[in-house]
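Let me begin by handing over the structure; questions about it come next.
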Amino acid sequence: MSFWDDILLLDIFGGLKMTGRHLLRKADTVEYPEAAREPSDRFRGMFRLDEERCIKCTLCAIECPIDIIFIDWHNEKNEAGKNEKVLDRFDVDLKRCMFCGLCEEACPTNPKSIWLRTKTYELGTYERNEALYLDIRKLTKWDENVKPFTVVEPGEGR
Amino acid sequence: MAEDPKDTPAAPAAGEPAKPAEPAAPAPAAAAPAGAKPAAPKPAAPPKAPVPAPVDAMGEPLVAALAAAVPGAVLGAKRMVGQTTVELAPGKLVEACRHLRDAETFTFLVDLTAVDWKARDPRFDLVYWLHSFARGNTRIRLKVGVRDGALCPTVSGVWETANWMEREVFDLFGVSFEGHPDLRRILTWDGFQGHPLRKDFPVEGIDTGAAIYPDRYPEGGGPAPDDKNRKTVS
Amino acid sequence: MDISASVLTYFLIPAVKAVVVVILVATAAGVLTYIERRTLAFLQVRKGPNRVGPEGILQFVADVVKLLTKEDVVPAKAQHFIHFLAPVLVMVPGLAVFAVLPWGPEFTMRIPGLGKITTAWYATDLNVSLLLLLAITTVGIYGIILGGWASNSKYALIGGLRSAAQLISYEVPMGFAVVSAILMARSLSLVEIVEAQRTHHMWFILPGLVSFFLYFVSGVAETNRIPFDLPEAESELVAGFHTEYSGFRWAIFFLTEYANMITISAVATALFFGGWLRPFPNVAALAFLDVIPGVLWYVLKVSCFLFVYIWFRGTFPRYRFDQLMALGWKTLIPISLTNLVLVALAALGGFRGLRILGIVLWGAAIGAFLIVTRLRAAKPPAAKTAPASVRARAAEA
Amino acid sequence: MSETVGTAGSVPETRDTMLGLREMELNFGPQHPSTHGVLRIVLKVDGERIVSARPDIGYLHRGTEKLFETETYPMVIPHTDRLDYVAAATNNHAYCLTVEKLLGLEIPKRAQYIRIVLDEMQRISSHLLWLATAAIDLGAITPFFYTFREREVILDLFEDYCGARLTLNCMRVGGLQEDLTPGWLEKLRAFTEDLGSKIDEYEDLLTENRIWKMRTVGVGILTTERCIAWGVTGPPLRAAGLAWDVRRALPYECYPELDFEIPTGKNADTYDRYLVRIAELRQSRRILLQCCDWLAANPTGEIRGKVPRVIKPPAGDAYASVESPKGELGFYLVSNGGNKPYRLRVRPPSFINLQALPEMARGHMVSDLVAIIGTIDIVLGEVDR
């Protein structure tokens, strides 16, 4: 049997049949710029910050495994005469970020004030120190830098 | 470094060992049901209840057999989370290993590594983790204390797989092995200065002259080192 | 014959043909690279190049432009002159053989001002064209060896060595396969071999089943294609003999490989598949097939072979060097010798003998194939369902 | 690296050269198409036959173990993703198991099943990647695209579950961070049921193919004894005939409740390792189907045990291991009672399996070396850490 298999090259023809069957199948390719895949709801992408909700507790900065979040604040008296923390600076060094999402997990507010689930992945830039270092302005209004598929508010899609 | 806010009291963690693994059975109270397996804890209703603690294991048959077969080798033994650790004398290490391999069927060296207890003397613990197929997948951990700069006997003659593991320990801890067939650095390059896994080696690394654009990009990225805000959190 | 006519016949028309052939071959090789990538993509459920031009058809133009404008890197310690010479040595024979490939029959056309001209769809018809073909293609090996050696790279050197051994070994079964076709047609001229298939009332694939198989397998090996692409096995030798070539010199190696594929397919078509003849050239009932001109038949058949080349590439792993040599010397050469004797005996019997040989060969092959596949279907291999622990396999180490 | 004395792995050098000619030294890597990263092997070859092979590693050394010591326990997890970066879930799992062992934590049943699902998905994706690259090393380019087609579905499932495709960061000490999304289980089941026919496709292309068999049968033999001596675990050990799998030998999570076989080979060669991995794909599929059934029957439940807010294991040490796609992946944790690991050692299966390469390669040809590197299934992120 195996002798005849050898002579008749059955394994060879079997392989050819196998690939031949795929010849007319539809390609599985997704052609990126035209047909970009929408990421899933939990996809960890570009950062977004809600300055109003943030209580300046710096837990996100503490939990960050690679220390890329930099927060500064000062106290100000508000109209009621109470001390209120005001953010001086909230920077994320995105070029070192590994998108683990621990900062989002650490955030104690509900809904989260910093979150990554924004369905964005098009973060390519030409100048990494400029574009991939985010300050408050870029964190809160990054729609001008990055086009998200849909802006997802935290709490959605969980 | 990011410190946990609840845990601010000084402990830089990387300094003194809180409880060096001395053989002296530090938890005598918990030793009552000695053989009980701490590995299978009760549901942790009060969060602090079943904290695993080491118990003395000199009475275990395997340890006793080893102590009898290689006199003077066993300095102590303890058991924690279901894993037995036997402390060995460095001089008897190879003899004990040979005995364990041949007489007790520990044919498989799972892992070999070292721990740096910076302030302790001997400074390093070499940790051997043995496995026996014939004894129903039992495992035993051996520990040997080694002084900084002292030579440790190699076990690469007992288990060939110890070859690269010992090279790694040599490379990262600076523990030399006597009789090793090919003791060279393995993960860092030849000519590298220092031993990275020692506690006194800086985490930031050392200047090896390999940085390409130190002037253009601040080290580590982010704000430049002289930025006053840099210290805010980290 | 006046002077102008002889200039026309012996100089002008051949010159025009030569230029046309070179341009066509270079373009065809370029297009073939596109077709290959595209076909491979289809075999592999992806799309392949589809950006440059409609459906990516201009991809090869973009590639050529890129390669032409690329920096030509020569290793510092290379033998510069030989390094430069090697691609030329590969390309010239690769293009020269196209002079004798018979793409179509003779035809007559009328050119304004020159009158009627009878010429043919081939550059020239030599009475020893097959011999020339074998001789010239072998010269290309020098380019590969020298290129590998002159690069001063160990990978390139190994690639060159492998290539030398492989090409020389596979010349032998290929030669024997060609000889069997010569015996059938009793001519060394490719044009006459094609014509002989008309007079014999059959394509030579009928008696030449084994010969064709040998020829094609050796041809795949000669062109360094998977599963015989050892000289340039990219997972072992990076790129083999052309590791140290870049830019257009690399492109020349690359294009010549594709040109060689066309050559091998074209010769196989001429020898065994009736060249420009339609199927069953003597059955009058199929005369409507003559609507398709001979040249198109030829191109069609060559395309089929090229597709098989690509299909092979999409399916098979690569042989190891010693296995390749063993296959060549221990399997193909004995088979080709036996086959040669059989064909020679049959050819003694002329047309009738060849036909009997063909019927016997094809009958045996199809019969055995049917029986074995039937038996296999009855007893499916255990491989599919059981884990490896229960698979009984004879130790072949 | 300077040319110092000695060969790797204490393999004695044989010098039976033809006609007393000098061997050629061939630098295989670190940039080479089939070294799967930045592995460098210094070869001494006699013609094409390998006299000695000396692996030279460390090009991807990032000091991960040093880094572990500076992070609190939860912050270590993203770093473990980057060890064996094609099997992040098993890395997370091994680390979490170790910390849980030292904490004496119990994991909710549902979390255990989801962890197993993630592990087995990861095993399938890792084996598919292995098959793809091993086939392409031997010149068969098409299986690459077929296996990546299926791997893509797994990565999509990972993305749906935890938001990342490769570096998952999907497990936490004490359980999991996220529960399954609605509809995820059905997607997984559909894929899993479909997978069987897809594996048949790969087998059609390779298992019986004569060239594939010629290239792999009898190549790189490492017998059971030699496997144990070199500490080799995982598919190479099972291909040598020893049915040893951490999932069965030192059970963790719910594996004892699941029904699966440990495939073994006979001849300890590259072909058997291929067969074992293919059979493991099928076994992982079986496990996934059983887990799907269980999770569908128990659609709700806790996914995280009673974890203290600040994780501070008691002083002491513990070792726990899982069966990663490459072999036994273990973590050895030494705690001093603080909130950071005092020492966290990885037992990297790739690193230890790679050590056997010189012995497997000696006497074979350069082409076989490619097959052998492929069949050990190394990931340099784990070898060099």
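Going by the order they are written in, the chains are A, B, C and D; count residues from 1 in each one.
We adopt the following convention: a residue touches a chain if its C-beta (ideal position, glycine included) is under 8 Å from a C-beta of that chain, and two chains touch if they have at least 3 such contacts.
All values reported here derive from a predicted model rather than from experimental measurement.
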item	value
Pair joined by more contacting C-beta pairs (A-C or B-D)	B-D
Relative to subunit A, chain with the most remote C-alpha centre	C
Cα-centroid distance, subunit B relative to subunit C, in whole angstrom	64
Separation of mean Cα positions, subunit B and subunit A [Å, integer]	37
Approximate Å spacing (C-alpha centroids) for the pair subunit A, subunit C	51
Whole-Å separation of chain centres (CA-atom averages), subunit B against subunit D	24
Per-residue overlap in subunit D, given as positions that touch at least 2 other chains	71, 75, 142, 146, 149, 205, 208-209
Sequence positions of subunit B contacting 2 or more other chains	1-2, 4
Contacts with 2+ other chains: residues of subunit A	10, 12, 15, 18-19, 22, 28, 63-64
Subunit D to subunit B touching residues, read off their complex	1-2, 4, 6-10, 57-58, 61, 63, 65-67, 69-72, 75, 101-106, 228-232, 242, 244, 249-250, 305-306, 308-310, 312, 314-319, 321, 328, 330, 332, 334, 336-340, 342-343, 345, 347, 351-352, 355, 384-385
Touch list for subunit A against partner subunit C, complex	1, 4-5, 7-8, 10, 12, 15-16, 18-20, 22-29, 31
Subunit D to subunit C touching residues, read off their complex	24, 26-27, 32-34, 48, 135-142, 144-146, 149, 200, 203, 205-209, 211-215, 217-218, 221, 239, 243, 261-267, 269, 272, 275-276, 278-279, 282-283, 365-368, 370
Residues of subunit A touching subunit D in the complex	6, 10-12, 14-15, 17-19, 22, 28, 39-44, 63-65, 98-102, 105, 116-117, 158
Residues on subunit D engaged by subunit A in the complex (per definition of touch)	71, 74-79, 81-82, 142, 146, 149, 152, 156, 159-164, 167, 169, 177-178, 181, 201, 204-205, 208-210
